[in-house]
Amino acid sequence: MTGPILEVRGLTVDFLSDRDPVRAVSAVDFHVSHAETLCILGESGSGKSVSTSAIMGLIDTPPGDIVAGRMFFEGRDLATMTEEERRDINGRKIAMIFQDPLAYLNPVHSIGRQIAEVFETHGVASGADAKRRVVDLLRRVGIPDPENRVDQYPHQFSGGQRQRVMIAMAIALQPSVIIADEPTTALDVSVQAQILDLLRDLQAEYGMALILITHDLEVAASMADRVMVMKGGQIVEEGEARTVFTRPQHEYTQKLLSALPHADDTDRHRRSATVAGEPILKVENIVKRYTMSTGLFGAAKHVHAVNDISFQVNRGETVGIVGESGSGKSSVARILLRLNEPTSGRALYKGDDIFRMNERELLKLRRKMQMVFQDPYGSMNPRMDVRSIISEPLRIHRDILPKAQWNDRVVELLELVGLKAEHANRHIHQFSGGQRQRIAIARALASDPELIVCDEAVSALDVSIQAQVIDLLADLRTRLGLSYIFITHDLPIVRHFADRIIVMKQGEIVEQGTTQALFANPQHSYTRSLLNATPHPKWETGAASQLSVRVS
Amino acid sequence: MFGYLGKRALHSVVSVLGLLVLVFFLTRLTGDPSYLFLPLDATPQAREAFSALHGFDQPLYIQFFNYLGDLLHLDFGESLRQNRSAMEVALEAFPQTLKLAVMAIFLAGALALVVGSLAAAKPGSLFDRFASLVSLAGASAPDFWVAIVGILVFAVSLDLLPTSGTGSAAHWIMPIGVLMLRPFGLLVQVVRGTMIGALSSPYVKTARAKGVRRQKIIFSHALRNSLLPVITVAGDLATSLVNGAVVVESVFGWPGIGKLMIDAIIQRDFAVVQSTVLVTACAIFILNIAIDILYAVLDPRIRYQTS
Amino acid sequence: QGGANNITIVLPEQPSNLEPCGSILTDVGQVLSQNITEPLTVIDPKDGTPQPKLATKWERVNDTTWRFHLRDGVKFQDGKEFNAEAVAFTLKRMTGGAFTCNNLAKFGSAKLSVTPVDKLTVDIKTEKPEPILPALLSVAMMVSPATPADKAVNDPVGTGPYKLNTFTPQTVVLDRFDGYWGKTPDIAKATYVWRGESSLRAAMVQTGEAQLTPTIAIQDATNPKTDFSYLNSETTAIRIDTEQPPLNDVRVRKALNLAIDWQGMAELFGTDVLRASQMVVPGINGHNPDLKPWGYDPDQAAKLLAEAKADGVPVGTTIKLIGRNGIYPNGNEGLEAMMTMWEAVGFDIDLTMLDVADWTRYLQKPFPQERGPNLLQIMHDNNKGDAAFTVPIFYHSSGQYATFSDPKVDTLIGEALNATDTGRTKAFQEIFSEVHDRIAVDIPMFHMIGYTRVGESLDWRPNLTTNSEIPLAEIRLKK
Amino acid sequence: MTVIPTDLKAAQKPSGREPGKARVLLGYLVHDKLALISAIYLLILIFAAIFGPMLVGDMATKLGLRQRNMAPFSLEQGWLYVLGADTLGRSILARLVVGAQNTLGIAAAAVVTSMLIGGALGLIAGYSNRWYSQVILRLADIIMSFPSLLLALIVLYTLGPSIPNLIIVLAITRIPIYLRTTRAEVLELRERMFVSAAKAMGAGSLRIVLSHIAPLVAPTLITIAAIDFASVILAESALSFLGLGIQPPQFTWGAMVATGRGYLANAWWVAFWPGLAILLTTLSLNLLSSWARTVADPQQRWRLQTLRRAPR
């Protein structure tokens, strides 16, 4: 095939209202060819998702407004196509993996049905045949026990599993172009490697072109043929992957690459200086089983999500939880905040059993303990503006701040997480994935908590903002003695930020220890496989060195 | 699920009993039936004889225990007017109403889903405006007004349909048409309202990215997500129809339970009131249980506590 | 439908049952009377006199006993023979008390005992003298001796020209009875249906879905070819509660009568209505043709009120005007109009519309405590030929509806009830003039008009009795 | 009735911080022509309800027995008779104006009461799993299966006829639909993530229900309420047949329609004009409620804004 398979020229997208239009993307050009991988890197909120959505025709106009730009698929102008032609391309020729899987999966259809719909829509397969293919796909993306899980609903899956469901949906028809918007943010390194391999295989097999939006430089380096860097709605740099990574031209790219946490760079880490204050949270033998009835009258089945877990968090300490996707990390977090009841076990917060608390004690606890949810979109009320969302903890716990200061506090928090004061008037649907995550963090900080449970809290942030947020969290930890339970799949970050690390697999803790010890001398085979699964730059086959080493 | 059903059934039985107690005592607060059954110029002695004959002279609680005793033998009392078993009267009328109500709700619901969804697909469009205006006008016009004008136009002037009564398929058209108006109008509005929200949710974008047909997006993705309030409102409307499509029944001479109940209430035919309430209450309770189950079927996130 | 001699009649309401003992109720009587069941006598609508039906003649044996001679060769529809035993059975069933017999109300407190003399002769004895027993017996529908005596039935068997085919919640169907003693009627089969809406009933006859409807509203009677009006034996009035001041003052009562624009009011009920001066229609024994109704004289009314006021009568008291919903067509509007007119001459009126049961409490003794001065909307229907069905209940101090006691009137009533022939007529006429001119005890309004719509294929005219019966045998088919 | 949309707004945006909020709303209103016309119509009605009796009060009860059922569109008797005369020859126009007060007052009171009570109970029944939510639901079942006419009679016999009693009867019978609809939506909403998030922040049940769930349920309730308005007006006239409804000489549009019922074939205007007034009122309320729904939904609000485009 000659020429690019997909080409975007001069795309400019605005979002309209009765105020000045918000320019999300401004005069963007890019293209991708057969069997090629284009990585889009860039600042959170720089227009990556918007420009790719525009290709799929997913920007509602109005309120969106495609001010300028043309898009070509296989040489044909997408704008001149009939709706039917366009529909036929979507899903069959171009597929998209969305950033926030919970919101983008239909809550009332089983995931099996949602994936099978791709086959049915394009007349490829239906009925039992479609179902068989769905099970196959789920197996390929690493969902355990796919025969049983096809009939379950999105809310019954873990964040990473949902993301894989999205991926399964996208690769179902081996499209010529896949647009993957942060496809691995919720995946642990081993599953991530598996998924990336899968994408590579597909590319090799079918010559699929891949547009990969990611903030993960390692992933980008390992996948990209070309790299494009965006900032503030514009492309600031574009070129061969190797060139961009090794000789970044634009100031932002340079900053981006240098912001990467450096594994061996001991003095730049943000672990706490003085390990171990007094223990504030003691978790003892927590077990969580989810009961699921299959069908309306079928027998109940159980999923053992958490199996006898015990650990402890000290004051001023960050406990990182890493582990396999679906290993029960979010479940633990939700249980600790009493959002789900544990099947058994105890959790003592400063000596009081969280699971035995009454309403009043719970209210007090929740002031001290906050959570950042894995799926930020769903965790915020769509009817509230950002100001109300962030100030809600202040409204609940009236003693924190006098009302007159709420507004200033909101603005201050927004700025701390790299957003602007004017964002306070917007609603949650008007933000990018990373911006939502930052709003969630700002909200968690609002009530001056003692312990924050962060569930993949920085996974959608580009490295520079990630660094800014981590710095902020670390600073609060040192100044105010905050503690964190930091659930992530991102090993460099835990290494950089966590004092102790817990490794989970299949609902159990397989290993825990101080960060240094764990990284220096992993005991469990799973931990070792995690540490080894770190991706390598594409242009450098077989080398064991890491990207971070190279850049520095 | 079975546990839940059993519990609901039990609760419902309790409610039915409560309802019967209420109806029994409260109806007797509404005056002496002898005034209505005997001619106006009947003598006081005749009235006393009437009360004694039907036990209205006994203290209320005794009347109630007698009633309960009879209930145990499935004896629901005699209609004062109709000289036959009250339950027989009620059960004869009920299917007539049920047929009408089911048809009307079903048609109104189906039509409203289509019209409401299409209106929501393009809010503010010409179709949307037109659909809203027409459906609302239908829903807020007085039903007897529509019924009588309908008869004058379609039966008398155009001679297309029979004026009233039962029998052929043509007899169904006007009663159902009139009965549908309000449910249709209300449901179109509810469907439209919830659909507008659902259609702008992210999962609809996913479906678009998959290349799913517009129709299917509307009806399978968005509609499915907005069905909950629709089902509830439809259920409530069905209830009020089951409870009596009084106007339609009386205008069109449809021998249904609504008219029967109203007549019985106005005439203080207590046994018939009690029996009709019992019959409709059972139907309503079953309907509500069905709706609750439907919720759980439609939305897997909904769970009911059985404990 | 079907054949040309099958007709459909559309009634305003469903017959609640078909018990012959309830035939005085309009809904039952219009189906049953003279069709399925027949009485011994029938009232001639023109002069109120009883005429032979199943009895061929009768005579008064003594003060308390009447002898009836029965028609020979009459059979019930179940094949049983009609004879003296059957009459005795019917009357015993009526008075037995095992179930409620509405028709008995017409007998008041009269107690009957029946003795068959021979196969075709019966003696009927009453406790007190009963001069109008033959008229009273026009409500006693003869039923087959096979009818259960202890409970009301829905499958009546009588001697009439039609027998019941089916009775369902939708229809009543009557078939011609071949063994009928009289002339074979034209109509072979009659189907009764019912619709509450007057305009619908009219439409059904217009479209040919039905051939006859006994009552339509005045505004629907628009086609002179098919719509006939008839004086329907109903008289409307306002009863004055004369025990309550200021209504106990005769000037106030007269003022009430004078304040109404009667001609204007007549517009509401149809220009054919007769302005009433008494509670019975012309043709009823005892009607006083010389009695002049009150006219419209608001000045006079105001003057009377002023006089009464000067004498210390509390004419400013709020008077409750109690109406009954749906009592007769345009009844509510009528009351509203009257209220406006009364207020115009200086009354203070408070209108309340009640449902039947509630309204009845005000109609009948014992009246509610604390009822205050009130005016009650009433309608009275006497189609039984004699003022005795009216006067005692309204005007005797012990009468069910009476709100006053006047010794003179009481005596007059006593005399009238025992009198016969012209003496009886005179006595009733005097009572009517007493209560109207001297006491002004109530406000008679109109003798009402009913409208029927009769399909063009039928030859039939309504009359005074149409409210209680529609004899199918009298309906002829036009050629 | 214009209270409804403003109420909703208040619920959506708790603190009125932006200056000129009324201005913004007015702008939104101007943007939706149908809603604007509705608002104007409702304002006129409210004006009529307040000042109507003063302006044409006497004319509404002035009899004209000799001009019964006078046909509309004639100015012979004066402009008040353009819509014709009713069965007692009274000016229909004057009666429409005077009747607005009682009609709107009763209907609004009944609808708002049932919506508030039903909504509140529905929130409780949907959100809580305690025993009382079962009790509430079964109570709703009972009300639903209790014949409303019987209820009316009981109230009539025990409490007597009066406008407050009338409102009670009308309100009680309408409660279940709000209750059950609210509950159905709450069942789904309470499983949403943002509810969990609010819980995690320490929000109590009351707060979650009122500030997170109620605003999302409100639009549906208001949609139902707007249509219910018509049914309540008509139900009211049906009750006057029992003596519980409004008593003459007081009257409502519903009562006017009921009077005209028998004249549809001959003097259509007697029932038509009040019927039209009811219809237009309901229609306006609905258009306005659908406008309010758009205002309240941040994702849809742009539809009412004058979008400012970038120059090309």
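Each chain carries a letter (A, B, C and D) given by its place in the written order, and its residues are counted from 1.
Throughout what follows, contacts are C-beta pairs under 8 Å (C-beta built on N, C-alpha and C of every residue); 3 or more make two chains touch, one makes a residue touch a chain.
Note that the coordinates shown come from a computational prediction; the quantities given were computed from them, not determined experimentally.
Participant: Chains shared as neighbours by chain A and chain C?
Facilitator: B, D
Participant: Centre to centre, by mean C-alpha position, how many angstrom separate chain A and chain B?
Facilitator: Centre separation, chain A to chain B: 50 Å.
Participant: If you average the CA atoms of chain B and of chain D, how many Å lie between those two points?
Facilitator: For chain B versus chain D, the centre distance works out to 22 Å.
Participant: For chain C and chain D, what's the span in angstrom between their mean Cα positions?
Facilitator: From the centre of chain C to the centre of chain D is 45 Å.
Participant: Listing for chain B: what residues touch at least two other chains?
Facilitator: Residue numbers touching two or more other chains: 30-31, 144, 148, 152, 200, 266, 299, 301.
Participant: By the touch rule stated above, which residues of chain D touch at least two different other chains?
Facilitator: In chain D, residues 153, 156-157, 191, 242, 264-265, 297, 299 touch at least two other chains, as defined above.
Participant: Using the touch definition from the top, which residues of chain A touch two or more other chains?
Facilitator: Residues 155, 429 of chain A each touch two or more of the other chains.
Participant: Can you name every chain pair that touches?
Facilitator: The set of touching chain pairs is A-B, A-D, B-C, B-D, C-D.
Participant: Quick one: in the complex, what on chain A touches chain D?
Facilitator: Per the touch definition, chain A meets chain D at residues 14, 16-21, 23, 62-63, 65, 67-68, 102, 155, 334, 337-339, 359, 362-363, 365-367, 370-371, 373, 375, 378-383, 385, 388, 392-393, 396-397, 407, 427, 429, 443, 447.
Participant: In the complex of these two chains, what residues of chain C are touching chain D?
Facilitator: That would be residues 198-199, 202-203, 217, 219-220, 222, 261, 264-265, 267-268, 325-326, 329-330, 332-333, 335-337, 339-341, 351-355, 358 of chain C.
Participant: Which of the residues in chain B end up touching chain C in this complex?
Facilitator: Those residues of chain B that touch chain C are 30-33, 35-46, 49-50, 53, 81-84, 92-93, 96, 144, 148, 151-152, 155-156, 159, 162-166, 250-251, 253, 255, 266-268.
Participant: Given the complex with chain B, which residues does chain C contribute to the contact?
Facilitator: 16-17, 19, 24-25, 97, 99-100, 102, 104-106, 108-109, 151-154, 168-170, 193-197, 199-200, 203-204, 206-207, 209, 355-358, 360-361, 363-365, 389, 393, 400
Participant: Over in the complex, which chain D residues touch chain A? Could you list them?
Facilitator: Touching chain A from chain D are residues 12-14, 17, 27, 191-194, 196-204, 207, 212, 215-216, 296-299, 302, 305-310, 312.
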